[in-house]
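Each structure below appears as structure tokens.
There are two complexes below, and they share chain A, which is joined by chain B in the first and by chain C in the second.
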Partner chain A sequence: MDFNFVKEYIPHYIEAAGLTIRIAAIGISLSILLGLLCSIIRYFRIPILHRAVGIYIELSRNTPLLIQLFFLYFGLPKIGVVLSSEACAIIGLVFLGGSYMAEAFRSGLESIANSQIEAGLSLGLTKGQVISYIVLPQAISISIPAFSANVIFLIKETSVFSAVALVDLMNVAKDLIGLYYKTDESLLMLVSSYLIILLPISIVFTLIERRLRHAGFGN
Partner chain B sequence: MKSSEKLVEIKNLRKKFEATTVLEDISIDIHQGEVVVLLGPSGCGKSTLLRCINGLENIQGGVIILEGEKLNEQTKRIHLVRQKIGMVFQSYDLFPHMTVLENIILGPCKAQKRAKKEVVKEAEELLLRVGLFDKKDVYPRQLSGGQKQRVAIVRALCMHPKLMLFDEVTAALDPEMVREVLDVMLKLAKDGTTMIIVTHEMQFAKAIADRIIFLDHGKIVEESEPNVFFSSPRTERAKQFLNLFEFDAI
Partner chain C sequence: MQDLGIEVLFQGKNLFRLLEGLWVTVRISIISVLISIVLGIVLGMIMTMRNPFIKIITRCYLEFVRIMPQLVLLFLIYFGLTKMFQINLSGELSAVIVFVLWGTAEMGDLVRGALTSIPKHQYESGKAIGLTVVQNYLYIIIPQTIRRLLPQAINLVTRMIKTTSLIALIGVVEVVKVGQQIIEASRLTTPSAAIWIYGVIFFLYFIVCYPISILSTRLEKHWRN
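Coming up: the complex of A and B.
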């Protein structure tokens, strides 16, 4: 194990980690918004949109991210749409993440009894107020475990972005292996980088889940 | 208690769930300050009638008029009409993610846009009246059934409703908790609150009602003052029904 090599190339990993984190943060935030929107459309069975969202969810969940990225990066330019690596990565992540988030939120929404909605309506609240004050807060805290699993899953999925020439962690490691044959060192740094990013997130989610379970409101 | 002013008018109400008719030709006038108790066997449509009055069910015929305002599925601003009607459910349906106080002030603050300070003060006074002031900051899961139901009543009252609807509010409670909830309702009746109550507590119905309406198979079978209804019901169906509550009759 060549530790001088490790030391020398740590800055490359840090830079790539920054990119990975940035893309993950943007992509996951947008996934959450898209997921919320889709889950609400599905839950209230809004005509037409309800169908469209159903098709989107099936399409997104049943195709690999890598193929989705290839389509965006290599396929779209054929019809004149050229996107940067970063744009492809973010769009791909949101396309995948949106459907997973939608399913997580939907399970939360569906666990809210109809009588809760009626209790809110009978107080004279509008439908929108019932959703934002009564349904969503409960649904979101119920979907936290599925939600946190999705966040971690999506961060790990960013490792395929090197396929669209994005200089992320995976790409740096592959480059170093190709250039210097320092396979052990490069892979060690790669694994460590992902662990350093993911472990704290994992721990925070575990703590949140534990707190929610203790507070577990239930009627 | 009752005045001559009509608060609610129901005319020829008809309610269907797909092919089944649940309510047929129901006409009732309810006056300001009146307490009306709906009695009848399970499935006779009494809960559905309450839900129709609150616009939670659409109706297939007839009209419901509250203070001169027509209320039906076409009413665009149904939430404004509902602000005048308080409803308490069998299953309490407090919001589990909010404290008792938050449950109570949600409607007044968000639906009626009243000032929070004033609402909190009123909520606390109401909680004091039902003996739950010390529970204002706890979550619903920490309350007994009877306490939850009293909070649910306060939650509805804090909206200053013109009309209160009670849908079998003691049906899920232990016997000793039934009393604490019924006492609150008796107090309300005394204060002149207009109420429509669905209950299976016959003694309570007798004590609180100004008028009993007996429903069966979605129709009004008998309508009379409680004394008359309980001592000498006019219809055979009502007699049969009341006999169910007399154990020496078996």
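Coming up: the complex of A and C.
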């Protein structure tokens, strides 16, 4: 193990980790929005949109992100739509993440018994109040485990972006292996970077889940 | 009329080659799933033991494999392991190793969850009506575990098939790689091949994964009560 090499190339990894985190943050926030929108459409069965969202969810859940990215990055320019690799990465992540988030939120919404809504209405709450005070607080705490699993899953999926020429952690490691044949050092730094990014997130979510279960909601 | 480029699919044996590539993908997933189901059941049983030492080791293994992106695991095996031990692994073999490592961890956790979700009184009432340990497992515990386990295990299969698309990046010739070869070969004759090829691959994955995930949700609904 050549630690001078490790020291020399750590800045590359930090820069790449910044890019990974930035794209993951943008992509995940947008997919939460898309997921919320889709789950609301599915929950209230809004006529035509309901169908469209159903098709979208099945399509995106049953195809790999790599193919979605290749389609965006190599396929679309052939019909005149040229996207930068960063735009492709974000669009791909949101396309994939939106459906996963939608499923997580929907399972939360659907687990609220009808009697809860009816009880709220009979107490004289308006529909908006029922949703914001009764349905949402319970639904959110129920969907937290699925939600946190999705966040970690989506951050992991960002490793695929190296295939569309984005200089993320994976790409830096691949370059260093190819250029200097320092396989052990590059892979060690790669593994450590992902551990440093993902381990705290995983621990925080475990704590949140435990607290919510403690509050008597999520079981 | 303008050249659409769709005819690239029907030139020579292109479509057939894509399907052949798809078969490589599916074969690798099936082999890995079968091995990881067997190992996962063993791991799941080990994880229900009360020994703290075993608990820590299995926990670390599980967390590490789950937290690492699969692509990183592939690199670790394909580049790291081979250099460290000076051995030569084919891309396909390293893919199977990675998917077995990953699948075993996921499957083990599912088995553990299913085993611990069965209430203790099930074991005890079996014993109380005079069943032997083997009968108890055979007639009471295992049927209930399978009901909880099977839908999620099937779901794991679709996840594995989707993840196999990554092995094109370590040089295994499967459906994505075949697609790239076709695109390269027809770069001059049909420049717009990429959109059709990737579109077809997109739907090939969908056609393979959709029935499996439908099966999984059906079973889950069917066995819920």
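FYI, the second predicted complex is superposed on the first by the 210 of 219 C-alpha atoms of A that agree within 3 Å, B and C clash if a C-alpha of one lies under 4 Å from a C-alpha of the other, contacts with A are read in each partner's own complex, and residues count from 1 in each chain.
Here is the rule we go by: a residue touches a chain if its C-beta (ideal position, glycine included) is under 8 Å from a C-beta of that chain, and two chains touch if they have at least 3 such contacts.
Treat the numbers as computed from the prediction; the structure is a model and nothing was measured.
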- Message: Quick check for you: in the superposed arrangement, does A:L33 touch first (chain B), second (chain C), both or neither?
- Response: neither
- Item | Which partner, chain B or chain C, touches more chain A residues | C
- Which superposed partner A:L207 touches (first chain B, second chain C, both, neither): neither
- Message: Quick one: is A:A165 in contact with chain B, with chain C, with both, or with neither? Answer first, second, both or neither.
- Response: neither
- Query: So, A:Y194: does it touch chain B (first), chain C (second), both, or neither?
  - Reply: second
- Task: Identify the partner contact of A:L121: answer first if only chain B is touched, second if only chain C is, both if each is, neither if none is.
- Result: first
- Item | Contact set on chain A toward chain B in their complex | 113, 115-116, 118-126, 129, 133-134, 137-138, 141, 216-219
- Spell out the part of chain A that touches chain C in their complex, as residue ranges. 58-59, 61-64, 66-68, 70-71, 74-79, 152, 156-160, 162-163, 170, 173-174, 177, 183-184, 187, 190-191, 194-195, 198-199, 202
- Counting only contacts in the complex, chain B reaches chain A at residues 54, 56, 79-80, 82-87, 89, 91-97, 106-107, 110-112, 139-141, 155-156, 159
- Message: Per the contact definition, I'd like the list of chain C residues that touch chain A in the complex.
- Response: 5, 63, 67-72, 75-76, 79-80, 83-84, 158, 162-163, 165-166, 168-169, 176, 183, 191-199, 201-202, 205-206, 209-210, 213
